[in-house]
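The next part holds the structures, each set out as structure tokens.
In what comes next, chain A is part of two complexes: it sits with chain B in the first one and with chain C in the second one.
Moving on, here comes the complex of A and B:
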């Protein structure tokens, strides 16, 4: 491509639409059109003009707004697809195989296809991240390619433009003027807070140029935001872990080295409708129970500096705290939130050793399901020996009782009962509401008396060091939006020819009404010629033509 | 003009490279799981200390100079159950050649673990991670997970899932001190 020489003698880079110096239209198409296209001041977008090396080609690809918009559309569609079924992080399965089975079982063939296509982990898939990255590249390159020429052009703009530039502006007027017209216009424009520059027989008044930088400021904010999101993937910046903590348990906090949490007590309080809560009585009657408070009383421990994982006998109490909804435990940059709960998980079971015939009790024993022991001695000289304990009994395999999980959801006990009457001992296998006597008919049995339960707290551990970066990115984004939306870049060009004729042109990037209002005041005080809105004229003409067609 | 063009090409190449690098970096990190201190083969095995069923303390670093076969397990885990007799067999072969087994139970009761060990006549030390802190330090997800620690204290292999007796034998051979 060749440089373009304008009639005025100025040499413009290839691709320029309006001469950088005088403003003449440089292409035939533009010369014949009634109005000029003022986008990017008619400068050559750099990317369109060089297309040689592979780097230039990649650059040009990302510089295209069409490409940018396409990436956004693809991202939107992909993000929408990710919401059709729950993402894998939110399904109750943890291993590859069980996750796959969950989708297939719960959503049928749709779920199977969804999983096969990898949509179950869409937002962290390599192609989704790559697309977001490409959007970032597109933002940077498209902005650079437009911002640099626009900045240069606005910085170097001349006061005097060629009449052919002026008469192709949307706001245009010409007519006779007085000797002091230019001076008066200058004074009035300055009064209206315009920056006015004069050159020989003309002036350029300009206001709000910084509004043109709005989109680029906005893009900088977006890039910072995306950078913050990228940091989340780096270990140590972002933690979002869940922890089920049973009453009485002390556990290492996931992803928080050296800290431990103990659940002292979980409580769920509801509005009673009495006393202070009497005012809620009506609502409670209408909807049933209403929860007032979810609370986990915890103790936070820290291990000493030189301590090793596993050594838990020397933990130091850091603080006790009631974690409630929206009142997380905060320490060392981490926050622990109350998120979920399970009530009444079995904790201990009490049985009576009874004679099956007479139903006479020989005493009671309580088996701690969390920490059972080998032998339970009863007062009358009887003993119950625990031969096997299956906290979540799931059936027999090769004659052996099995447990599905380590949680006491369905405890099974293999016991040997020894009483003064039966010193040889009797074996029985007990599950909830069921007793099996594998070695023949027994004289004694364990009769269930009552059970102790405990509650389970679902806690979430969070740390997000990227929040300040996301905040700054968001703020800059909003500043850019405000800059571009609420401010306008207004310009007037006024020239007086040798014969006294005044040429007047105006341009703004938005809000033409405001521009005209400013101009009306200048026209009034400086006695400028009347102007027309040429876009309105064109629109009117088109409308009239259409109506003419209809009526004929 | 050509100098200017060259400079422009250079700047473009740098910008593109930096941004492509950032994307690759992000993707790599997202696949690494974003976990802090994710253990990898070649890493120093984090030291820990746990108590066995006899009340004896076992500290990993005490076994420096021996190969340590660290197995994370639970009584409810079927593959763990199948592995244990095989591990016991191989333990009998390799314990005199400087290979130690540390079976780390995940937070179960002494009673359950002892019953399990006694029924299977297990002789290698079984320790219980009561607070799951070792499990956290090692980022253990599925059970069973086995880590091979060589005599220098480095992790040479991480095995998730069930192992055959041949596997176990070859792993022990691998970490046997020379």
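Moving on, here comes the complex of A and C:
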């Protein structure tokens, strides 16, 4: 394509609609229209000019508003579909097969189809992420396609425009003027906080040009936000670990080298409906109990720098803190949150070794359910040997006891009982309220005495270094939105011809009412000729034409 | 009278003020017999005065309740929905003083009435806050959202007025169908309010034992006669109606029953209106739109979005993310309520691009404004009550 030469002598890049220098219409269509199309100042946008190579086609695709809006609408519909059934993260199943079975069992054929289409993990599916990526590309390309030419054009604006540019503006007026009209107009416009530039016999007054950058600024904000979200895929930026901590236990914090956490106490408080809470009595009566507080009192330790890795004997106390919901523990860029709990987990069980017939006790033993020892020596020469420990006994498989999890939910013990009376030893398998004697009838048994319990706190350890980037992105977005929406770009061109005639034109990107209010004040004080809103004239003419059709 | 009684009486006062004001606004925009509108502004003034009195009472309700409960009354369905009704009226009052538009009152006030009536179908006693809600972010996040939604609703109200004036009701068209559909939906809400108030006033109660979807036995109290029964349900109340249809465990038959009663009563009401007046509801309202300035309605539609959208972004996304980061350790978790906030935001983003980039003004813009309100209502009703998630209040 070739450059476009204007009558005024200026050479414009291909695709330009209004001469960059004088403002004359360069295409036949524009020359014949009553009003000039001022969007993007009649500059050459790449997407409207080239359509040959594959790159042109891709550029044009993504710079289209129609395509951008379509992507937004597809994303919106897809996001909504993902809420019809719960996403897999909220489903009580963890493996691929059990998840699939859960959807089929709970939601029938709807669930089966939903799962088969991949909607159970919609937001991390390839196509959903690809759509967000396309939206990001569209944001960049559509913005560049408009911003670059618009910026150049507004930066190089000439004061004097050709009369054919002026009389095709929506706000236009012409008429006789006095010698000092231009000067008076300039003074008044400056008073109204316009930037005024003069050149020979004309002036250009401009206000709020920065509002034109609003859309591009808010798009930059969104891009920064999306970039921040992407960064968390890079190791080191983002940590999300969970930590179950029993009361009294000290553990290394996962993924946080050198730090340890001790759970001193976990408590769960509910509203009582008395005293301070009396005002809530009715609500509490209706729903039962309402939780008031989840709290883990912790001690945070750090390994001294010179200690051996994993050595826990000389930890330094960093701080003591009650972690509560909404009040995470924060240190060194990490945060630890109160997320879950388990009350009354079994800690230890105490048994008595008794003679089955006489019920006489030969002594007691306590088994620690987290770290049990193998042999228990009782006074009087009896021994209990722990041959096998199954913390979460789930049944036998091929005659072998099995455990479902390593947590002491349903402990099972395979023990050998040796007493002075039975030196050869007797084997017994004990679970809660049940004893099996696999190798024949025994003389002695372990009788359950009592159990110790404690609470377990479920904590989440988090580090998210992308947060400041997301914050900056959000802030820039909000600034851009305000900049573009709450400010207007207003311009007036005024010229005085040699015979004293004043030409007057005005343009704004929005809020024409405000523009006219400004202009009225200038017209008043500088005695400018009356102006008309040519768009209103066109609308009125169209309306009259329509009504004419109806009545005839 | 205790403070909490004063609070709920103030809400009643607001409700009746809005009710009276609706009719006065209706009278104002109707015009006189000669077909002129000389007295529109005078009656408008009377109506807006009543509205403002109601609004002051409404604000009084809000802050007295805040004092009693010790937290911003935005923590459950009753409180949030009532607040939404209040911001709706607040938005209208601002617009009235800017543009002197009585017709807007005639549309906004009945919708606000319906919303407050809907809210009062939920348990309204002062309830304590669960740990996740015990923070100032409750007041900051929720109040910003509810104000933003009140403003965005103004866009829908102006859009609806625009449509009521321009849609040709004498010819069959998609526009006529959907416009009547919107009004039919409003009648269904009336159906919900009537049926639940009736069964509440007559103290209907029927307790059932049933088997839930995890194969556990549970009990449930029906406050409406059971059209649909829960899975394998057995009535524990003597001499009570047995369900007409039993449903599988997946379906919450109790909610389905409520929806069915509302549909039933609402539809009967709608059919009665049609039979008695021999007109569509839109046709009944259209004569009141004679004096509407379409350009002004289009302007309000757009203005409401450019103020509501940034506020919604701030409240429903920015503040929401900050709070979620503090409470749930992540700023975003694709919880249904979060997703629907995003859906709403994307919708209004599309609205703005279509209006500013594609020149969708006037009728197209009006439809978009109404759809936006539909999404907000969907988020309020369906997402809270049917799609369970972290935000399920009721």
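Note that the second predicted complex is superposed on the first by the 362 of 552 C-alpha atoms of A that agree within 3 Å, B and C clash if a C-alpha of one lies under 4 Å from a C-alpha of the other, contacts with A are read in each partner's own complex, and residues count from 1 in each chain.
Throughout what follows, a residue touches a chain if its C-beta (ideal position, glycine included) is under 8 Å from a C-beta of that chain, and two chains touch if they have at least 3 such contacts.
All values reported here derive from a predicted model rather than from experimental measurement.
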{"item": "Chain B versus chain C as contact partner of A:312, first or second or both or neither", "value": "first"}
{"item": "Partner chain(s) touched by A:58 [first = chain B, second = chain C, both, neither]", "value": "first"}
{"item": "Partner chain(s) touched by A:370 [first = chain B, second = chain C, both, neither]", "value": "first"}
{"item": "Partner chain(s) touched by A:68 [first = chain B, second = chain C, both, neither]", "value": "second"}
{"item": "Which superposed partner A:293 touches (first chain B, second chain C, both, neither)", "value": "second"}
{"item": "Chain B versus chain C as contact partner of A:538, first or second or both or neither", "value": "neither"}
{"item": "Touching partner for A:251 - first (chain B), second (chain C), both, neither", "value": "first"}
{"item": "Partner chain in contact with A:113 - chain B first, chain C second, else both or neither", "value": "neither"}
{"item": "Contact set on chain B toward chain A in their complex", "value": "5, 8-9, 12-13, 15-16, 19-20, 22-23, 25-27, 29-32, 34-38, 46-50, 59, 74-76, 106-112, 115, 127, 129-137, 141-142"}
{"item": "List of chain C residues in touch with chain A within their complex", "value": "4, 68-70, 123, 125-128, 130-132, 134-135, 213, 248, 250, 306, 309-310, 313-314, 317-318, 321, 325-331, 333-334, 336, 339-340, 342-343, 346-347, 349-350, 353-354, 357-358, 383, 387-389"}
{"item": "Contacting residues of chain A [partner chain C, same complex]", "value": "65-66, 68-69, 72-73, 75-76, 79-80, 82-84, 86-87, 89-90, 106-108, 123, 240, 271, 277, 279-280, 282-284, 286-287, 290-294, 324-326, 328, 335, 337, 339, 460, 462, 464, 467, 470, 474, 477-478, 481-482, 485-486"}
{"item": "Chain B partner contacts - residues on chain A that touch it in the complex", "value": "46, 50, 53, 55-56, 58-59, 94-95, 124, 126, 129-130, 133-134, 136-137, 140-141, 144, 230, 232-236, 238-239, 250-255, 257, 260, 303, 308-312, 370-374, 386, 388-389, 391-392, 403-406"}
